[in-house]
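Each of the next two complexes has chain A plus one more chain, namely chain B in the first and chain C in the second.
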Partner chain A sequence: MLSEDQRDALQELINIGMGRAGASAAAVLGEFVQLSVPRILILRPGLIPAALERILGSEPLTAVRQGFHGDLRGEAVVVYGAAHCRELADLMGYEDLLEPGAERELLLDVSNVLVGACLGGLAEQIRAEVGFSAPSLMAVDEAAASLIDVRDVDLPCALFVEVNFRLEVRSFACHLILLLVEEQILVLRNAVDRFLEAL
Partner chain B sequence: MATTILVVDDSAMARKMLVRALPAQWDVELRQASNGVEALAAYRQGDIDVMFLDLTMPEMDGFEVLETLRAEGLNCLVVVVSADIQPEAQERVKRLGAIAFVKKPVAPETLAPVLREYGVVL
Partner chain C sequence: MSPLNADEPGGFVADHLDVGVFAIDAAFRVTLWNRFMATHSRQRAEAVIGRNLFECFPELPRGWLERKVRQVQALRNYAFTSWTQRPYLFRFDHNRPITGGVDAMRQNCTFMPVRGEDGSVSQVCVTLQDVTDTAIAHQALAASLVELEREKAEQQRLIGELEEAHMQVLQSEKLASIGQLAAGVAHEINNPIGYVSANLGSLKRYLDDLMKVLDAHLELAAELPTECRERVAARTAGIDVDYLRADLPQLLGESCEGLERVRRIVLDLKDFSRMGETEKVPADLHRCLDSTLNVVANELRYKAELEKCYGELPEIECVPSQLNQVFMNLLINAAQAIEERGRITITTGSVGDEVFVSVRDSGCGIPPDELRRVFDPFFTTKPVGSGTGLGLSISYGIVERHGGRIEVDSTPGQGSEFRVWLPLHGGAD
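For the complex of A and B:
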């Protein structure tokens, strides 16, 4: 579905978005954020749980989902380990254990910053207009394999983009996953082609 | 005599964009590397004048390349070209010996002034 050139270009465009998201996260958290090369996979939805388990391991996870719409539609999922949620509260200067409601707000805020910067950076490169729905908590202390209900994704394949953010001096890390169904992968592929033709 | 430029990036598209951003009138010999290991191999041949170096790469990232270059006695001008636009990243690469940080995507007008500041007029 993607040629080697298209995959390379998409990875680099997402890399630019990821860089912006990293800078935004660093500003919010007050720590240097280590970035890794984004990974792009096209998967049948049935394979997504196994991919999540491979990337995220077996610890219980908390996840925030945020839809995006406009010229490009899909869903971003930001995944945190349970210990990383507490680390996040500590990083943000909360000395005591947060009330569940406040911790939820914190996760939603940080996820919103990451998703907005990453997708905003991608959209700007391909000259797409993208809007965002409000982020919502989709899972608390769930196993990786059951984070995303694949029955919700009824098309033959999905673009799985994995971006990791890790702090150097703390154990905090989170993962940003973008899910696009086949029709939207083609929209993105056409946008990438236009970008490449303009080079 | 042509200036030898090494463009280091894991993305072929990013390397192409960087090469396109070089002013057409520059007399350069271009080399390319797709990761830090390849970059160091090219550097150790001894004739690289200017290296445009990405930070986020597999195999060996740009920070590790800079650390190695510094340990070996940095003998070329390194301009970091990266999407990692954290102020801390920019400070770190300067501390490791890079002469400048250029953010991605590279705007064509950004490269000449950076090198001119270090006496490189191509």
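For the complex of A and C:
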């Protein structure tokens, strides 16, 4: 689906986008954010649960989903381990013990920041206009393999971009996964081609 | 982008949308306030625009809102709130004050960056959507879900109880029908046993007499002339009188023993069918236990170390002879479960308004698949002759008639514990 060159270029674009994302997330969170080098996979949807399990292990997970639309369409999923949810409260300046409602709001908020930063960064690189829907809670304390129900995903393949966030001072970490459907991969490919031509 | 102007078409739409729209600048001064916001907050645009948002609405969650807006400015990105986590941003009345059952308008908010010419963001536009109807429907659904879950759990519990009751009914029914059968059989067998045992008694006496006659004859035969003795010897050749004399009483003794065993089984059966005494009197279970221990002392002595851990027991209403039989069954089973030498522990005590007597052994234990069958009449794993398979089912019936129950806990290879629970104040009957 992507040539070697296109793939490298896409990796590069995503790297730059994510770099910006790290900077703006740090500005909001007030802490230095480390980002892993994004991993890009093109997968059949049926393989997504297995990929998630390989990346995330077997601990119970909490996940937030957020749709994006415009020149790029797809879904972003931010996945947290149970222990890391609690770190967040502190991070975002909620001093008191969180009631479940507030804890969830916080999760949604942080997810929104991360997704917005990453996709915003990427969109800027490829000059795409992207809008966001409100994030929603997708799973609470579920196994990685059952996070995404692929039974009703009727697509030949999906782009799977995985980034890890880590805060320098705290043990907080989470994973961001972008899922793009096949036609959107073509959009990305065109953008990549434009990028390569401009070089 | 400049704040939307109500005189322009876009501004007109923003003003007349059924959605709250307002905007603020970097200093949180209101730059846009549409009609929805005005009518619901009862603050006209002229009264709000240009003023600090928190000044106009001091009840707003200031720290949180400031963070949210700074986020949008820094990231130039959307942000959201959902009524499920934060019911509302502004406390507005909602359109169902009477039938709704919620205290204020539920709101979903979207925070949008307003980009200036240079791409920087200083203003943030907020839309506020009235989702009260959805929220009410959602709450009703959630409530009925909870109710359904509760009902489901309740049904599950009832099914469990029914199953248990069903098992108990089955067990009592089995016992009852076997009891009837047993009563009949016991009655039928009692008669022949009666006369066979009477006959055996007579036979023994007759035999003694016959022996005396034989002795006399043998003694006198010695004095007979040789010719006569030879004729007698010829006619009794091949008969070993000494052997007969030794074996006959033994045969007879064994027959009596066998008969005694039959009689005991019949007695068991009779008990099983609830014959005999049934009157309840206050009794000291420790006394019952001790007298039972006296009776079975011989059977236990060679098998086990006996340990008594008696707790405090008040007197209870019971039929002591029947409980004796229960304890005897348990103790004998315990001894029989021990191969070489082991330990039998008797523990008593009370919990709430129940007392318990537990007999624990270090014997062979009971495999899980047999555990549910040990109370079945005629279930036995013992060789013919040493087990009737009635002991536990009789005990079960007796304890049940006392309003109590028997619990078993067993680990194959390590031992078993049979625990008899009885109510303090006699059960039914």
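Assume the second predicted complex is superposed on the first by the 196 of 199 C-alpha atoms of A that agree within 3 Å, B and C clash if a C-alpha of one lies under 4 Å from a C-alpha of the other, contacts with A are read in each partner's own complex, and residues count from 1 in each chain.
We take it that contacts are C-beta pairs under 8 Å (C-beta built on N, C-alpha and C of every residue); 3 or more make two chains touch, one makes a residue touch a chain.
Quantities reported herein were computed from a predicted structural model and do not represent experimental measurements.
Student: Put the two structures on top of each other at chain A: do chain B and chain C fit, or clash?
Tutor: Superposition check on chain A shows chain B and chain C fit without a clash.
Student: Angle at chain A, chain B to chain C, CA centres, as a multiple of 10°?
Tutor: One gets 140 degrees for this angle.
Student: Applying the touch criterion given at the start, work out whether A:I16 contacts chain B, chain C, both or neither, answering first, second, both or neither.
Tutor: A:I16 sits against chain B, while chain C stays out of touch.
Student: Quick check on the superposed pair: does A:N164 touch chain B, chain C, both, or neither? Answer first, second, both or neither.
Tutor: neither
Student: In the superposed arrangement, which partner chain does A:L199 touch: chain B (first), chain C (second), both, or neither?
Tutor: first
Student: Looking at A:G101 after the superposition, I want to know if it touches chain B, chain C, both of them or none. Which is it: first, second, both, neither?
Tutor: Second partner only, chain C.
Student: With both complexes overlaid on chain A, does A:D5 touch chain B (first), chain C (second), both or neither?
Tutor: First partner only.
Student: Superposed on chain A, how close does chain B come to chain C by Cα atoms? Whole Å, please.
Tutor: Least C-alpha distance after superposition: 13 Å.
Student: Would you mind listing the overlap between the chain B footprint and the chain C footprint on chain A?
Tutor: Touching chain B and chain C on chain A: no residues.
Student: In the complex, go through chain A and note every residue touching chain B.
Tutor: The contact residues of chain A facing chain B are 5, 8-9, 11-12, 15-20, 22-23, 26, 32-33, 35-37, 121, 125, 196, 199.
Student: Looking at the complex, which residues from chain A come into contact with chain C?
Tutor: 24-25, 27-28, 92-93, 101-102, 104-105, 108-109, 112-113, 116-117, 120, 131-132, 134-136
Student: How about chain C: which of its residues touch chain A in the complex?
Tutor: It is residues 63, 67-68, 70-71, 74-82, 84-86, 108, 110 of chain C that touch chain A.
Student: Tell me, which parts of chain B touch chain A in their complex?
Tutor: 10-14, 16-17, 20, 55-58, 82-89, 103-105
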